[in-house]
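Just below sit the structures, each encoded as structure tokens.
The same chain A turns up in both complexes below, where it pairs with chain B and then with chain C.
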Partner chain A sequence: MIFETFPPALILLFAAFMAVISRPNARAIILLAAPLITLWAIWSLPDGVLITTRFLGYPIEPLEVSPIRRMFATVFTIMAFTGALFSFRTAKTAELGAAFAYASGAVGVSFAGDLITLFIWWEIMAIFSTIVVWCGGTEASRRAGIRYAMMHLLSGILLKIGIEGVYVHTGSLDIQAMLATNLDTWLILIGILINAAAPPFSAWLPDAYPETSPTGAVFLSAFTTKTAVLALILLFPGEQVLIWVGLYMIFYGIIYALLENDARRILAYSIINQVGFMVCAIGIGTELALNGAALHAFAHIIYKALLLMSAGVVLYRTGMRKCTDLGGLFRTMPVTCICGIIGALAISSFPLTSGYTTKTMISVAAEQQHLVFVWYMLAAASAGVFLHAGIKFPWFVFFQKDSGLRPKDAPWNMAAAMIFFAFLCIALGIYADPLYAMLPNDAIVPVYKPEKVVFYLQLLLFSGLAFFLLLNYMKRTLTITLDLDWIWRVAVFRAGDVVYDACTAARTAMEKTVMSFLKSGQESLDDLSERDGLILRATSATGLACLYAMVLLTLYILVYYLD
Partner chain B sequence: MTLYDQLPALVVVVLLFTAPITYMLRLHGFPWFSAMAAVVTSFVVACSLAATTIGGETIIYEMGGWPAPYGIVLHIDALSALMAMLITGASSAALIFGAKSLADEVGEETAPAFFAAWLLCTAGLVGMVITGDAFNIFVFMEISSLSTYVLISAGPDRRALISTYRYIVMGTVGATFYLIGVGFLYMVTGTLNTADLAERVGQVEDIRLVLVAAGFVSVGLAIKAAVFPLHSWMPNAYTFAPNAVTVFIAAASTKVSLYVLMRVDYAIFQNSIANHDIQLTFFLVPLGVLALFAGSMLAIYEKNLKRLLAYSSVAQIGYIALGISMTSVAGLTGAIVHMFNHGLIKGGMFMAVACLALRYRTVNVANLAGAGKAMPWTMAAFVVGGLGLIGVPLTPGFISKWYLVLAALDEGWLGALLVAIILISSLLAVIYVWKAIEVAYFGEPRSNAVPVTEEAPLVMLIPTWIVVLAGIWIALDTSVTVGLASIAAKTLLGVEL
Partner chain C sequence: MARSSKKSETAPGHDHWLVRPENIRKIWIGSIIVLAITVALELFTGTAGHFHGVDEWFAFPAVFGFLSCVAMVFGAKVLGNLLKRKDDYYDL
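And then the complex of A and B:
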């Protein structure tokens, strides 16, 4: 059976290629069938290292399977399927192809048995996700796309240097648990954390995702940050730093989302917030915590895609995404509205939704490790999530004032995709055993205990009350919130201009000096030249180059003599 | 003696002898054809030489049967074979690619002389890498330089003449510096054979003359190799030369000078002067770092696509200089692989630019709006090349940067600094590659511009894609390039194979 050793990522990559070159009808079939075949391939793979080969003279393992890897690959593939269903009728061909290649990168990372393979798929994800951002098709998405690409290539380079360092100093390229103890491991950790949207690099995510097409954001929300989570689970379980990084991300996401007016930016910030929960759990590092992180990633991909789909339908139907422009859409968009609310409840970890099951696991893990402060912060954050994503998003988009908009509800394929994910959100909340079965070990806790349910309900209902009491302060205005990305959006480019201007000024000054040497010969040179001054300019530049040569020669010999 | 034994000489003799024949062929199309046949033959011979040397063997061929210190020998090891393959390969690819564009740019009248010069230029460059005689290197250097001036001045723009003039002055200074250095060495050792020089220079008592010789040779070659800040001849030479000429010289010519620099510094000076490696590091590291930054910055602010790529070459030469300066096996391997890989990347990119130039009649970045739609295959080739410059995996740039970073990580704090610089310059490469891509794929064509709807002709597209795919291939299967380069690096450093 060839599927027992065939990398599933290649199926998606091939499908991406075929989708781009095929006709629309065939494309739809390819896009919907390929993830199913991939899913089957994933579950045909036995555990263990299945392929070993050599690249650049290093032994590499392009296909290694373990339960947790399979779990992530599964959810990535489900996401590719649902994303394709959601978008195949409206999205550009380039976007669909790039999204599938991007998904294949995520599946490839999931099964990477060594650091080089991981890095190669990592870069494939960076490149194709950039194309997905560009497929937004607006000036803003083009600009956001290049910033996005820079950030992810930076992540890739740091990762590469770290990997080489690990190889030079340990001689091993295996993916194994490590701690950030020296420069190499720190570089790897930072490279991964950039992709996880950790501070101070969080801003790339809310910068890029909202600028994509209505369908693009659905794909983007699933893969990049969650592959980073998987990489952290595999490489840095129990790394203490991650607890604090995670907590920072949780509150960063909440605060910026509360200040935000753009519905899709709110959801983008809440991705950071949710990934923060996972990163924090990985930092705690017990078996239960790691299971919690993996479960949360699984559930999060589904409900966050659901939320972005519902925001995507609104954007697709109305062309608007600002809270101040929207409102009252529940009248004509019931399906979108209900699915959005289910997603919102799941992200707020309302009992009987998937988010409840998984987030509870993380806070119990904190409790078991007696991390009191962390536990309190997580509890407080849960309330904050309900405020910004659980209520704020559906309230301002679907209810609030009547904006006068009467858009049609979602097209059938988008509705089907949303209903599928809404169903999963609730099904996994009620009956999570299939999820547990995928975990590498049985370190789980029963979540439906009366005191836990009551605790969460209290937390959520009171924060809900707070939202409506403070509604006046919550109303958004058209503002821009300044973030650290100002440094690379503005400061770096200004600094670049300053350096360039200074250098050109210095060069002109030097040329002038050489020019004055040549002044005497100017007249005779002008006779030779049909264009005035052209020869002279060429001559002065050449003179300058000769001067450099002379200076270099002098320096070279002087340094030698001084030795 | 069989023909097989004569292969080392054949690789250059074929070119030298075909040159006058080409000049005499005054029929339409014939000069191109005879030149093409000669360089392709030479390329095949170079490949067979590479196949011989990949086992670590060194071929010594005595010209006219005169033994080493008295006669001139050809000295072909892994490094020379790799370089000969690059030069003749680039020359063949550029010629085949340029069949149409050269016919446009050069014209019937001058074609025989032009293609003869092309052959001489190839012969000169190949000669430089296979000869085992320091003075002979100078002779071949002059052959290649003089013919390169002819090739560049054949450019359709009148500014090509000014560019050539600048190149002549700087090229002559460089070659003269080299000759002065070799003269000093001859004064103190009485020999010109490189192997002999390496041995005898160690016995010289008054080291000062050798030091001065090292200075002249290094700076002279740095000029010819366009190492920053001695690069000023290069951007305009690339910009105004006929497109196919740019493809050829961008891929091969500066690398040959770097090759000689490596040879002379490692084989001759390293063995004889104490602490020469420190001196080499001291000389090349600042220049390499400056080249990376200045080249990338200039490329970012440049508006002409050919000049943009030329400045990018300045930066990429910085990488090679850094690799050479690290005096370790990994560093040298990285430098040598990068010479080859960068030749392939830049050759492919300049081919794509030539395709664009054919249809758009301009290479100003701003005027190329819409090229992504109008010429998808050409732009795709350009994008793959650009990814190679950035160093994305599965492109040739990734392989060479991998070795450079490996080498730098072994160098302590200086290495960490170099790693940081390589990192930043990779990001700068993203910006300048992006500039062209942004306009081509997202730019709105100007309303008054004639819309381009036609893809480049297949005679140009196919060679372009062969070069691009060859790049991908050597990124996946590194056994030939990295194999030859690591043997070469070990030979240069005198490490056991």
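And then the complex of A and C:
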């Protein structure tokens, strides 16, 4: 087999390069074939460290395979394929190339056996995902892209300092389970959590993703946050702080999505909400919980991409993404509407969808560890997901009111991509065994017990009842909701203005004092020179220059001796 | 449900069967029946509770789901009063 020691990420990276330089027809073939070859390569790799070499004198392992790594690489590659199918006819060439390089970064992180390799692929993701954001092509996307890049470069810097610290203190660059116990490990944890959109750095995600092109957001939703989830599974399983970080993300996502008017921002907030479930599970840290996190990441990539495809088609056909502008689109967009609803049911983990067969593991893990509070919070959050994404998104986009818009349904390739993912959402909900077979161990629980199904049906359907009874309280308004990024988008500048004004005032006052002092000095010198004409017989300008020089020299001598 | 609604009835306000008031009424009635069934099913399956607390009470998920959503909607409303701005806030 030729692929037994070949890094699959390089196939996607090469395809990205070829796609940019080739003609449109060849590009389509490259973009659709490369992920399939990559999948074959991924599944040809045996477990274990397959490549060891040296980089700048450090021992590195660019290719390490384990079941969980293979699982993430698989879903990243499926995503690259479906994303390409969805976008190859409409997206810019630069966007397609960048998206594939970005996907290769995600696959590279999945198989990174050491922290240096991880860091390199991490930065490749940061660079190319920024280009995907910029391909939105608007002034808003240009600005959002700069903010996005700054956030991810910060993540990379913290990660790098942490990695250096770990190497200096332990002498090992291996990717192995650690706990956040000292500055090195905390920096690595924070660097990863920034990419997971954890607080206080959550705002970059709803800031950047909605400003991308209709196709760009589909790619972005999959890779950055989920590679962060994989990195957390590999490096910080059972790190307690993650339980609380995860719970915060879960409720942050729900509350902000409830307040949001922009349909794509609603979906962006719900990414943070869903990643919160995974982060919380990694914090719980049992085998079942980690399996739950990995399974949920797999299912999430598929249904979230499906939801963003559905919102992307609406944006592509109408040019609109605000709930206040949309509504009633089910009449002319049945395929987009039904696929959107399937994605919405899956994200809500409705029985018979992929969300149900994966997320249920996480709450069972909390139950088994007797984390009573966490379990209640996860149950409330499950209800909240149905509220903010499961019903709110399809309701306001496709039903709600008649906006008068009668757009055409999705083009054939976009419809095909959506139907494929909608099929996977349901197939993995009915028969999740292929997914379970990818796990590193058999720590799973049966989810289709009658009492469990009834539990979730009651929980979700009564959330639905709450939605429609409280509809009057959820009227959409033309507003955004301030987030912590307000600090560096507004407060810092306002503080800067205050400091600038204060400095200007101080400088003016000082100038006045100094000038009046100099004036009085010059006047007394003038007096001297007028009286006997011996000390200073020069123009006042040279006199002043001499005085300055004298004062400076005196100061210099004083400082020299005082030091 | 009213599947015979073809072009003949497409008067203003009567465009699609799904948005007609009489059908919305039927959907509400149907939904309430489904809700009642999901609660009734618990009589046969028993509770999924685990902690020997309120989670084992009859119809706990229904009540808990409903109340959590009410709390989240009003919680969001309170927060919204503090944090909502016009959507061109950052563009200025």
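Quick note on the criterion: the second predicted complex is superposed on the first by the 491 of 563 C-alpha atoms of A that agree within 3 Å, B and C clash if a C-alpha of one lies under 4 Å from a C-alpha of the other, contacts with A are read in each partner's own complex, and residues count from 1 in each chain.
In this section, a contact is a pair of C-beta atoms (placed from the backbone, for glycine too) under 8 Å apart; a residue touches a chain by one contact, two chains touch by 3 or more.
From a predicted model like this one, the values you see are computed outputs, not experimental measurements.
In the superposition on chain A, A:330 makes contact with chain C only, not with chain B.
Judged by the touch definition given at the top, the superposed model places A:452 against chain C, while chain B stays out of reach.
Judged by the touch definition given at the top, the superposed model places A:503 against chain B, while chain C stays out of reach.
When the two structures are aligned on the shared chain, A:92 is found in touch with neither chain B nor chain C. Those residues of chain A whose C-beta lies close enough to touch chain C in the complex are 140, 251, 254-255, 258-259, 261-262, 328, 330-331, 367, 370, 372, 375-376, 379-380, 382-384, 387, 399, 402, 449-467, 470, 473-474, 477-483, 489-490.
Within the complex, the chain A residues that touch chain B are 56-57, 119-120, 123-124, 127, 134, 142, 146, 149-150, 153-154, 156-158, 160-161, 164-165, 167-168, 183, 496, 499-500, 503, 534-535, 538, 541-542, 544-546, 548-549, 552-553, 556-557, 559-561, 563.
Within the complex formed with chain A, the chain B residues making contact are 162, 165-166, 169-170, 173-174, 177, 208, 211-212, 214-216, 218-219, 222-223, 229-230, 232-233, 275, 279, 282-283, 294, 297, 300-301, 387, 390-394, 399, 402, 405-406, 409-410, 416, 419, 423, 426-427, 430-431, 434, 438, 441-442, 478, 482. Chain C contributes residues 15-16, 18-19, 31, 34-35, 38-39, 41-42, 44-48, 50-51, 53, 55, 59, 61-66, 68-77, 79-80, 83-87, 89-91 to its touches with chain A in the complex.
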